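The structures come next, written out as structure tokens.
Shared between the two complexes below is chain A, which has chain B as its partner in the first and chain C in the second.
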Partner chain A sequence: MSNSNFTRRGALKAGALAGAGLSLPTLLRADGGYMNAPTGSSVTLGFNVPQTGPYADEGADELRAFELAVEHLNGGGDGGMMNTFSSKELTGNGILGKKVEYVTGDTQTKSDAARASAKSMIEKDGAVMISGGSSSGVAVAVQGLCQEAGIIFMAGLTHSNDTTGKDKKANGFRHFFNGYMSAAALAPVLKNLYGTDRNAYHLTADYTWGWTQEESIAAATEAMGWNTVNKVRTPLAATDFSSYIAPVLNSGADVLVLNHYGGNMVNSLTNAVQFGLRDKMVNGKNFEIVVPLYSRLMAKGAGANVKGIHGSTNWHWSLQDDASKAFVKSFGTKYGFPPSQAAHTCYVQTLLYADAAQRAGTFNPCGIVEALEGFEFDGLGNGPTLYRADDHQCFKDVLVVRGKENPTSEFDLLEVVEVTPRAQVEYAPDHPMFAGGALGSCNPGA
Partner chain B sequence: MDAILLQILNGLDKGSAYALIALGLTLIFGTLGVVNFAHGALFMIGAFCAVTVQRIFNISFETIDPSQKDFLGNPLKVKTTYLEHWFGPEMGGSIIDWSVPLAILFAIPVMVAVGFIMERGLIKHFYKRPHADQILVTFGLAIVLQEIIKYFYGANPIPTGAPEVFRGSFDFGVLIGFDPNAIIYPYWRLVYFGFAALIISSVFAFLQFTTFGMVVRAGMADRETVGLLGININKRFTIMFGIAAAVAGLAGVMYAPINSPNYHMGMDFLVLSFVVVVVGGMGSLPGAVLAGFLLGVLESFASMNEIKSILPGIDQIIIYVVAIIILLTRPRGLMGRKGVMEE
Partner chain C sequence: MFGLNQKDKSTLIVVAALTLLAPFILNPFPEGSALAQFNAGYPDLMQRFVIFGIFAIGFNILFGLTGYLSFGHAAFLGVGSYSAVWMFKLVGMNVLPAITLSVIVAGLFALLIGFVSLRRSGIYFSILTLAFAQMSFNLAYSVLTPITNGETGLQLTLNDPRVLGQSATADGSIPVTNLLPGLEMRSTYVLDAGPWLFQFNLGYYLCALLLLVAFYVSIRIFRSPFGMMLRAVKSNQQRMNYTGLNTRPYTLAAFVISGMYAGLAGGLMASMDPLAGAERMQWTASGEVVLMTILGGAGTLIGPVLGAGFIKYFENIFSKINDNVLHGWFAILPDGIEDFLVFVVHPFIGKGWHLTLGILFMLVVIYLPGGLVEGGQRIGKYFKRGSDDAQSNDASTKPAE
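Right after this comes the complex of A and B.
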């Protein structure tokens, strides 16, 4: 006979005690009525960017922008866009008088890794806000995590319609534009350049961003009279696109739309140029290539192949408004080269979060949500901008750009062809491309 | 018909890269018995030899041009390469333009040295260890090598162009009686295919027609007996490791204009190349080459819209499906020998 006094009831009690003990740090952090309420003289922001993997260079640029934003928030440097921002709440005294500190995580451009690093920054470091990222898959995953945890997510570079469409969340906000906006800005320019009688062939990266980009640009070009010859999905891991490019030659298409980003875009565009598509005449017209989403950092990888090719971008360092000039000056003086669009959106998101907290008078996510919803602002580089309450998407001007024929430096790869006004890229909150999902209500996490 | 021919051509250049990497892998496995997962990294280092030579050729000095402004509004610093300064814009420009072919001269000693250091410094300690240990250590080494490259060259792809004369494409269809524009093929891919054929033939000729090669082949067949004859087979095998590294490196150098090199490109090829080796038959050099071209062509065919409309997603799995079918019907691969990797 055993003399052990171990009982099921005892085990349950011990488990309950252990659970309570483990959750104690979280309970303590929720002492302001919300998750990770800062109690000391500082507040911690979490910057979750790709520090390894294929988008590490873009992540590094995001991190530079975050560091610059923190420096400006704490009163360092020349203040950058804080001087041009229409809201004058930020005075260089941190946020709500608390010094801004930050922690960083590595998303590796993988959803699981990004969630793990965000979770760590929330639970171990007490971050009140998570920002950054270079992929829509990652943004959607981290946004979901932040919603569950009761933390604000200020998305970095994410262009899929889904981020503020079917996967939108009350705690998530996107300053960056989306696939629909790219298409709405590009279509009229393409119409003027190439006419209405065109046959388009789409090569599309087979994941959330590619699907929504393809849907958006196909709808916009079909609406102006173009015929869509084919839509071909390519594996995200593909490196050589020659076998996908070859069928384009005999398809009757006279335009190739590359719904690719990053390494995919670099390789597919390079392959398309190698196969002489740009020198071809089809249906009595010059064959054309379109890259709906451009990135200067990525365009650099494609070298001379980008020359003369049109696309869209969220922001470009060559803009001559006071805000853009102020940001380029701050960033360029500190780092020696101009910022990317990823850096711009991350810098702006940090200022917008800080300003919202300042105006709300709290770091409570629900206060931040209330302050950002419907917020109209200017002076951050894209003209008058609205953070729409219905879906937490920013609405602002969009840039149509073209690969520059005669660049004067390694940064001078794109030239702005047109600044498409905000009104042209707006859409109804219940637009079918953004249907499904619900914003829900803000979660303070306590 | 033209679409089929075009996909065969596409498959041949893709297969060339697979065959060259798989050839090196098989050389190392056949001689040293090592499953070298760092072989893809050697391909990647080769491509970065081309990038390095391009950068060396583009080393510049700066002059101030007050008539132009940089992004901060300061007078623009205009860069002029030393090569153009020394030899004139035409001659200097031509040397820079030919940086990829010239990088072959740079890559051969670099790759042999990298192979030698890799083999003597790390891999030789794992000759008698199980294959699982070899895979783990070489896979780790591959990650270390790619992180080193990323540290120095960044994560973004780096454009490394072919010489001007080989840029663009030609109408292959017209040459064989098809309509114009039916089969367009880039010049540089044809160069790559020819280069791969040359390297593969050279390796086979070296092994077949030289005394060194004869000894190596004998060592691959029966290492112990060759050793008993007083021949230092280990030394020859180390040299073969260097040759295999150079083959992978040269494949990488010439691949640089096809797709801009990035630090991860070795991993992209590694898994496929291993499938090629297994399908060809472990230790079989002709098998590796045959399987490389076969799988390259099949991969291209699987990307055809006509095939994808019947079997969606087949382009992503075709190589593995073929590998399963071949291994089920011919467990030793297409040209595998009895006793290799078998207890």
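Right after this comes the complex of A and C.
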């Protein structure tokens, strides 16, 4: 009996037989020629963030940013960065006149759970766009799902080269920077600080983000003369890194690169400091620790241990441009503390999606892709930015930051050392670290 | 019919009706109403219900009949998933070869692990299986990354060979899993019946069909002399050994069958969503199937299916209720009371779904040691009290002493 339901004609017949009350069956809910076309007076966005697991702090902050963005899109609050955004299409009247509603889900920082959650948003709640994710593994998995389903994916915090490299998808877009950009921005700073004769030891979160960041940092530091002593992979779910730190002491390395993020970095850095690595002298040089991807939430988690440690970040609340100030103000007014870089990128992604839909005049993924590809904008906190059409990656300035020695408040933990200009972190779309994938074509899901 | 007695036949018919009509049963609330939040009748979740139902039925053949508590069954699920995804990558997007391979590979893997683990019983067996599963997890997670792609998960790409299919479709995307060319797993018909919306998904019905087959086979095993032998093992293995019977072939057979069920579930998961991640093999995933079986009623036929549905429902429905939804529910109340209620309920929803599930699990284990099936039986008895007290419950195991 099951098979009889699957042809349109069969379903029509069954519907006719069933008689009154049953209207025409629709295929895949694709009324407007694309998946989940909004029919009522509202449009639903799906925010899929880690609420449990090592990136839960980032996820909670992302969720706050999404709520703030929806509030601003619907005309509430003070409008935040909508006032500074170079595109003036958004008027606080929702998107295309439809009120913005949202659903949330927990990715658990696991690809499986994230896909299940995203699927329920698509199949049950009728979301036209999924955003979020605080792990590149999750982002890559959900991006693949959205491509198959015909939904736009606006990546949140994902820093792996693969997201817009070998796993790039036509329906997926990333505002956040990536491992290559971190390495390109950090290397000159590290060279000035620590010289060209160093031995680096990598501890790396064992998944796509860690792998590509390790590769990027190792390549950039080796290019300036550093020697890579060892690269050790650690499980993402690990909470105690002492067994990985101990071997560093006897390896002859004088720099420890922690390719860790979120809770992982908090724990590994704390372990490293407890083992006294920072007070060590190796090869006649002071032992140094580098955290290539940094955030204020991590700095907060690791406390005093971050003082003087260098890393890179996508955005920081202490930036003094109008857009950043406007965002910090409206976020601070609502929640009582400044936003993290995760919150910033998620807020920006939501605004960029809304603006693209507005400019395209449709929620059709293919229209959105067209509107975002090659889109140049400003006024969202990172200076002039380009959404490159070749790989759907944003190109903008990168910040090099350092843990502050004398924080003036519990939020004032990082200071910006250098703003690396966009030109210095750009790369060709077919760069070897990003090769091997293809965008494919946009999929409207119908 | 099918060599079943009257009672088993009616159980099978009930399960068949439940699974085939699930799109209606699971969507009782009209779209747009406040209660629509609790609807579970969308393809992904329905697929999960039946897939984990199959997993739990298989686990129950081992745990319910022989009493051997395996804490490593997720390993077979994971192996099944990886095999299926590799079939999609190398051979083609048809699900039948993929599912077949995952059952075979999981069976072989179970033979290997079972051969070693079954040398011990009781807690030692549990620890051995747990150790093997954690070994498999760590292998998949960090050692065998060329085969498993580690934490990122094994996924399809446009460059896969797919010798019997196509690497990429004409419009440049990855082909989707299908049953026959054109019969895609994801194809869904949506039936708009007034305010209700019912979704009929091909993938779900394939899973449902296999669940029925799996359930039927499980009934036959429960009622067979082989099943009786397994129950004897649970009852008193030593006595069996003293009578000169070698029990190991029986337990090993049960272990392998149970592993093949898990492999089938894993293959189906990959067929519905072509991705395999190492976390499917983690000990928490193994623990989950133990919970499902105990929650539903270990040793009963239908219990594991109920338990699987129960846990997956909480994971997918309760975890998606956020404060915003709560405020929507309590919006008619005065502000102060609204905020208070949201504050009280908050820890139990969203990321707190584990807490709600944990409390319910404790309640079930304390007050209904026989699981949800016992609850159903008690309600049934309450309604026909006095009429037939002598009637024994139909599906539960009775120790052979």
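Everything below uses one rule, namely that the second predicted complex is superposed on the first by the 418 of 446 C-alpha atoms of A that agree within 3 Å, B and C clash if a C-alpha of one lies under 4 Å from a C-alpha of the other, contacts with A are read in each partner's own complex, and residues count from 1 in each chain.
Please note the rule applied: contacts are C-beta pairs under 8 Å (C-beta built on N, C-alpha and C of every residue); 3 or more make two chains touch, one makes a residue touch a chain.
Here the structure is a predicted model, which is why all the values come from computation and not from measurement.
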Applying the touch criterion given at the start, work out whether A:276 contacts chain B, chain C, both or neither, answering first, second, both or neither. first
Taking the superposition as given, does A:407 touch the first partner, chain B, the second, chain C, both, or neither? neither
Classify the contacts of A:54 with the two partner chains as first (chain B alone), second (chain C alone), both, or neither. first
Taking the superposition on A as described, I'd like to know which of chain B and chain C A:147 touches: first, second, both or neither. second
If we overlay the two complexes on their shared chain A, which of chain B and chain C does A:301 touch? Say first, second, both or neither. first
Touching A:235, do we find chain B (first), chain C (second), both, or neither? both
Applying the document's definition of touch, where does A:243 land relative to chain B and chain C: first, second, both, or neither? first
On chain A, the residue positions that both chain B and chain C contact, one per complex: 52, 56, 235
Residue ranges of chain A touching chain C (in the complex, touch as defined): 1-3, 5-6, 8, 11, 15, 21-29, 51-52, 56, 67, 102-106, 110-113, 115-117, 119-120, 123-124, 136-137, 140-141, 144-145, 147-149, 162, 166-167, 170, 206-208, 233, 235-236, 436-438, 440-441, 443
Could you pull out which chain B residues touch chain A in their complex? 2-3, 6-7, 10-11, 13-14, 68, 70-72, 76, 150, 154-159, 161, 167-169, 181-182, 184-186, 188-189, 258-260, 262, 264-265, 268, 299-300, 303-305, 308, 315-316
Contacting residues of chain C [partner chain A, same complex]: 20, 39, 42-45, 48, 138, 141-142, 150-153, 155-159, 168, 171-174, 176, 183, 186-194, 199-200, 202, 205, 208-209, 273, 275, 277, 279-280, 316, 319-320, 322, 324, 350-351
In their shared complex, chain B is touched by residues of chain A numbered 52-57, 230, 232, 235, 237, 239-240, 242-244, 246-247, 249-250, 263, 266-267, 270-271, 274-276, 279-280, 282, 297-298, 300-305, 317-318, 328-329, 332-333, 337-338, 408-409, 411-412
